[in-house]
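Each in structure tokens, the structures are laid out below.
Across the two complexes that follow, chain A remains constant while its partner is chain B and subsequently chain C.
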Partner chain A sequence: MTVFRNILIRLLTTAVTLFGVAVIVFVVIRVVPGNPIAMMLPPGATDADIARLQAQYGFDKSIFQQFMIWLSGVMQGDFGTSISTRQPVAGLVLSRLPATLELSIVALTIAMLLGGALALAGTRFRETKAEAAVDITSGMALSIPDFLWGLVLILLFGVLWPVFHISGRISPALNIDFSTNFYLFESILRLRFDVIADLVGHMFMPALALAIPLAAIIAQLLKQSLKETMHLDYVTLARTKGYGENHVITREALPNAVLPTLTLVGVQFTFLIGGTVIIERLFSYEGLGNMAIDAVINRDLPLIQGIVILFAFLFTIVNLVVDMLYVLLNPKLRHA
Partner chain B sequence: MKLSRRNLLKTSAAAAAFAAVGLPSFAQAIDELIIAYNVNLPSWDPTVGLSAVNPTIQGLYQSVFDLFIPQNPDLSFGSGIITDYGWGEGNKTIWMDVRDGVTWHNGDPLTAEDVAWSLARVANPETGSPIQFIWGKITNIKAEGNRVTADMPEYEPTFFKWMSFLTGYVMPKKYYQEVGAEGFEAAPIGTGPYMVEKFERNAFVRLKANENYWGGAPEFKTVTVKFVTDAASRVAEVESGNSHVTLEIPYEEYNRLKDKDGLAGVAEPISDIGMIFLNDIEVMTDPNVRKAAAHAIDKQLIIDRLLSGFGVPIDTLQTPDYAAFDDSIKVAYDPELSKKLLADSGYSTDNPVKFKIQTTKGFKPKDYEMVQAIVGLWRRVGIEAEIEVYEIAKHFELRAADQLAPAAFYNWGNSVGDPTTSTGFAMFGPSPHSVWDGEATFNKILPLWGEADEAKRIAGWKEVDRSIAENAEVIPLLQYVQPIVHTAGITVVPHRSGALLPHLMTRS
Partner chain C sequence: MNSFLEVRNLNLSLKAGMPILRSVSLNVAAGQVHGLVGESGAGKSMIGKAVLGTLPRALQVTSGEIWLDGVNLNSLPTAERRKTIGAKAALIPQDPLTALNPSKRIGPQITRRLVDILGWQKSDAEARAVELLHEVHIPDPARVMKSYPHELSGGMRQRILIASAFAAEPKLIIADEPTTALDVTVQKQILRLIAEMQQRHDTALLFVTHDLGVVSKTCDTLSVLYAGKVIEEARMRRFFTRPIHPYSAALLKATPTYTNPRGSLTPVPQSVIDATEREVREHDMRASR
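The block that comes next holds the complex of A and B.
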């Protein structure tokens, strides 16, 4: 019952958080200089023309009135119409969400595999040159931001050895007739290996660029946790029972050492989703982040609101899921 | 070479590795033309909303839709959907003849009714056309046979020029009324050289050749335009052979890439210019300060040092391609004159005049760096300018509200080359695009808006430009050059408007 009560409370606080985000975003983007009407003013526009355009887009009303109109629309699932694309905002952001989610999940998977492997190697060969190599590698990976990794990868695998696609999510010539925009997941389910190969060819570089800094963080934290755990009594007991070092690390130490890393991964995953904004732009990946930059450039206020609300929703959901996982994996909390 | 098992294995392994890596596409015959384009296409309706006045996407629109009156690559006006046109008696009416035998991409015939409806639609304030102030000058639009006529109660000398400019596109009446705005966005059709086959917003558009195009079928039957907004990625796209053509890359990269095997480049001046708006507030009300600022800038030096020589210095808001260009109007680089002018107003390098200059950073090639260089040149003569970086959206808002700083860097496009759409809108006080409120210039410009005698009109604008230059009411800097890099296997014809048009590309 406690778990359900906690989830209920978290869902309620999520709703309050989203409302707060909506208010802040709504006000802030209307207060900062640069409005879309000024960008579309014709050279000969009169005051009447400006007033007409403002009325057409609802900017002639007070911010409070605009917010109430927007909020009542949101309650009915209508997030307004994008100024630049003239399409419903909800449809636009939901059509781009799968691309960003798939990219983030693939990046997270790569980060966990890379980071985990580095941490295990560093622990297995602790206090040797191999551990120093792991530390140097993770230090370098962490000190270079993801967009620079992106440029390095473009140079390596896009220009010098052109094996991956530099831009886009899928080849334009490829005909797919999928029922969702989760192309990667759906192609796996449908066993469309041609589509999987094409998607991976496009996704590999942006996902790796996103993953490298996160992998470094995972490696450092997990290695530290593992090293601390390796000195605990139950690990020593396992050794005295004659288990090999590999068994001791992966079967005995890892399950306990992984918990703090899991919390970190949850927090970092939200940052990783945020990082897609720049990476998607760099690789012209058709996700939410790429769309967000265009929305900001064009001062497409309804679209900015929609994207920010969705990002905020994603962040809160991810945090909620991480908390629940933590409870499930940690027996102390589960029975508290 | 002796055929042995070892050699055979080596050759097979090399071939397999080569196949796995994949040959760059510039080494292969080009079936599908791939263009790495520098901006996204937000909307497919070229006549309404924000996209309609975005000059950077007009090339995409012109691939699918036809302008009423097309412009040739040298900006001269051609014969298109409208084959002939003119004013009626007393300039109170206009007439336009519509080309026969043109079909829409869905096979429907284009009629004069389509042209009349397209004009009426953008003339209607309710549709949200940003250029309604021009289209709204005609009324009583009628189609009879292949001729469209309309009344023009107030003479507008640039009306037909606007038919080659922003929002001047022919739209399909029957189809649009059937599918509505949303349906049109999902499946746009036009009469242009290419048809939209597939469109992924923020990703790409795949175009298929319109074999029935009235101007002749384009050479490349399939064209994919990838939206690659990052310049470094565009460079990588064309360098790796993933794309065949790209544009708007740094000039240093252009120079490097065009000399590479398998690549070529073309860099021609386009109709965009770089300029500094002077707002007649604070110290800019002093003509000596303005003139000193103008004479202190060595434009050629900036072009040579910062833009690798890619640019044409200008002294008025007209480029050599524009109708009112007058090469006798000069604003010389003369720092000594600047010092003298400033001294006359009590300023010197020890007691500099101070003001703010606003600029974008990265919106145009080396915009911020150019302003930095200008500020450096100003400092030598006794001007201390503080740089404020802002976003382009803020520039538009401040400009519309007449709240720009005393100096503000901006770029201006005017592909139809008429002086009203350069000097006119930039310097006529009541225009939301002008921050100059001087009465003398206002009075000089006012009678030119409706001048019916074309020679007199153009001569009048030249006089306005001369007066503006003499009083340093704006600082024109340069005409931009557009760098285009492409694979050596194709020929790219640059268009002075800056539009990259795939139907002008052919195999070499």
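The block that comes next holds the complex of A and C.
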């Protein structure tokens, strides 16, 4: 029962959060200079033309009135119409969401594998040169932002040794008739290995660029946490039972050391999703982030609102999932 | 006397050079209980850690041999040494609150090593665990096996750790101040339990403690440690009637008695401490020559 109540409370707070985000975004993009109407009209348009268009999009009303109109639309699932493409915002945004979700999840997976491996290696060979190497590697990886890693990767795998695609999400020549836009997940389910290979070839560099800084954070946090756990009595006791160092690290220490790392990884994952905006632009990857930049350049206010709300929704979902995982992995909380 | 554990001239020091154990030798005969007493910092826990191979990384064995059941542990490669120790010796740790893995159920913490390392069938290991939990007087072992450590009291957890120590029928148990972290009423029960288990399973027991009262009740022989040096090794009866070393005698006198509750505490006299310190320094001089 309590679990159900907790989830209900979380959903309510999520709704309040999203409302707050909506208010802020709505006001800010209308207060800052730059007029969407001016972007639509050719030079030399008359004042009457401008007034007519403003009335058509509702920009002649007060911000409060505009917000109420928008909100009543949202309640019915209508997020407005994009100014630049004249298509419903909800449809546009949802068609791009799978691309960004796939990229983020692949990046997170790479980051966890890479960071976890580094942390385990650093712990296994602690107080040796190998641990110093792990520290230096993760320190360097962390001090370079993701978009610079993107450029480095383009240089390596796009120019010097061109094995991966440097732009786009999928080769246009490829014949796919999928029922969703989750190309990667669907191609895996359908066992379309040609499509998987093509998607991975496109996704590898942007995902890796996003993953490297997060991998470094995971490596540092998890290694620290593991090293502290290695001093605890139950680890020593496991050694006296005859277990080797590898078993002691992965079976005794790791399940406990993961817990403090998990929460921070959740927070960092939301930063990673934010990072997709620039990375998708860099690799011309057709996801939400790329669309967001176009929307801002075109002053496409309804589209900006829709994208920001969706991002905010993703962040709260990630936090919810992390909290649930934490309870699931920690026996002390599971029965409470 | 046939020793099951024999420590010969063990020298242990910080990697920086400071000596922790000074030519420590001791014998624990099969089935016998040997007490290891000394003040905090005398290095008594380090002897147990050296035997079990769990010394902190800052420490290193500079010389000496540890023989367990006729095998020189130092001569074995690391993996084999761990297995030998795991099969022949076990630890009852000091603090039951931190010695169980908080993310695992009790059952696997007792049975896994029997399956993983000694190659038992899982069902045999589980039956064995239930039997052991019965032996340490835990009611409803089947339920306890499914519990997590945080659901059990400190006394219960120490009982579980005792049961777990006897799981692989080791012939040597090292108890490292097993009652220090428990409150006084539970201490007595746990001591009685350890003695009971030791007799039932006929294991040798190395009992590390700073409590002479505990030693007098449980041990057959004892070593007194001061600043990492064994200053007296004796059979129990002789030690309590005629201690040889002045420090031992002073230590005995300093033990509070319950029969005279109004008597004030007796400290070890400074002159005795000074003389013992001198003895330790002379030992260091001889060793460095």
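We adopt the following convention: the second predicted complex is superposed on the first by the 336 of 336 C-alpha atoms of A that agree within 3 Å, B and C clash if a C-alpha of one lies under 4 Å from a C-alpha of the other, contacts with A are read in each partner's own complex, and residues count from 1 in each chain.
Simple rule for what comes next: a residue touches a chain if its C-beta (ideal position, glycine included) is under 8 Å from a C-beta of that chain, and two chains touch if they have at least 3 such contacts.
These numbers were taken from a predicted model, which means no experiment stands behind them.
Trainee: Following the overlay on chain A, give me a clash-or-fit verdict for chain B and chain C.
Mentor: Here the two partners, once superposed via chain A, fit next to each other without clashing.
Trainee: Does the superposition put A:Gly242 against chain B (first), chain C (second), both, or neither?
Mentor: second
Trainee: Examine A:Pro255 and indicate which partner it touches, taking first as chain B and second as chain C; both and neither are also allowed.
Mentor: So A:Pro255 only meets chain C here.
Trainee: When the two structures are overlaid on chain A, which partner does A:Leu232 contact: first (chain B), second (chain C), both, or neither?
Mentor: The answer is second: A:Leu232 touches chain C but not chain B.
Trainee: Kindly classify A:Ile50 by the partners it touches after superposition: chain B alone (first), chain C alone (second), both, or neither?
Mentor: After superposing on A, A:Ile50 lies in contact with chain B but is clear of chain C.
Trainee: Is A:Val163 touching anything from chain B or chain C once the two structures are fitted on A? First, second, both or neither.
Mentor: Touch status of A:Val163: first partner only.
Trainee: Where does A:Arg299 make contact in the superposed view: on chain B (first), on chain C (second), on both, or on neither?
Mentor: It touches chain B, and chain C stays clear.
Trainee: Touching A:Ala173, do we find chain B (first), chain C (second), both, or neither?
Mentor: A:Ala173: touches chain B, not chain C.
Trainee: Check the superposed model and tell me the shortest C-alpha distance between chain B and chain C, rounded to whole Å.
Mentor: Result, nearest C-alpha distance in the overlay: 42 Å.
Trainee: Both chain B and chain C touch chain A; at which residues?
Mentor: Touching chain B and chain C on chain A: no residues.
Trainee: Which positions of chain A touch chain C when the two form their complex?
Mentor: These residues of chain A touch chain C: 127, 232-234, 236-244, 247, 252, 255-256, 329-332, 335.
Trainee: Sort out for me which residues of chain B touch chain A in the complex.
Mentor: So the residues of chain B in touch with chain A come to 20-22, 24, 32, 36, 40, 42-43, 45, 48-53, 125, 128, 130-134, 181-182, 185, 198, 200-204, 206, 224, 226-230, 232-233, 236-237, 239-242, 390-394, 396-401, 421, 424-425, 430-433.
Trainee: Enumerate the contact residues on chain A facing chain B in the complex.
Mentor: It is residues 33-36, 38-46, 49-50, 52-53, 56, 82-87, 92, 96, 151, 154-155, 158-159, 161-163, 165-170, 172-173, 281-284, 286-287, 290-291, 293-294, 297-300 of chain A that touch chain B.
Trainee: Which positions of chain C touch chain A when the two form their complex?
Mentor: The contact residues of chain C facing chain A are 52-54, 57, 79, 82-83, 85-87, 89-91, 93-95, 98-104, 113, 116-117, 148, 150-151, 161.
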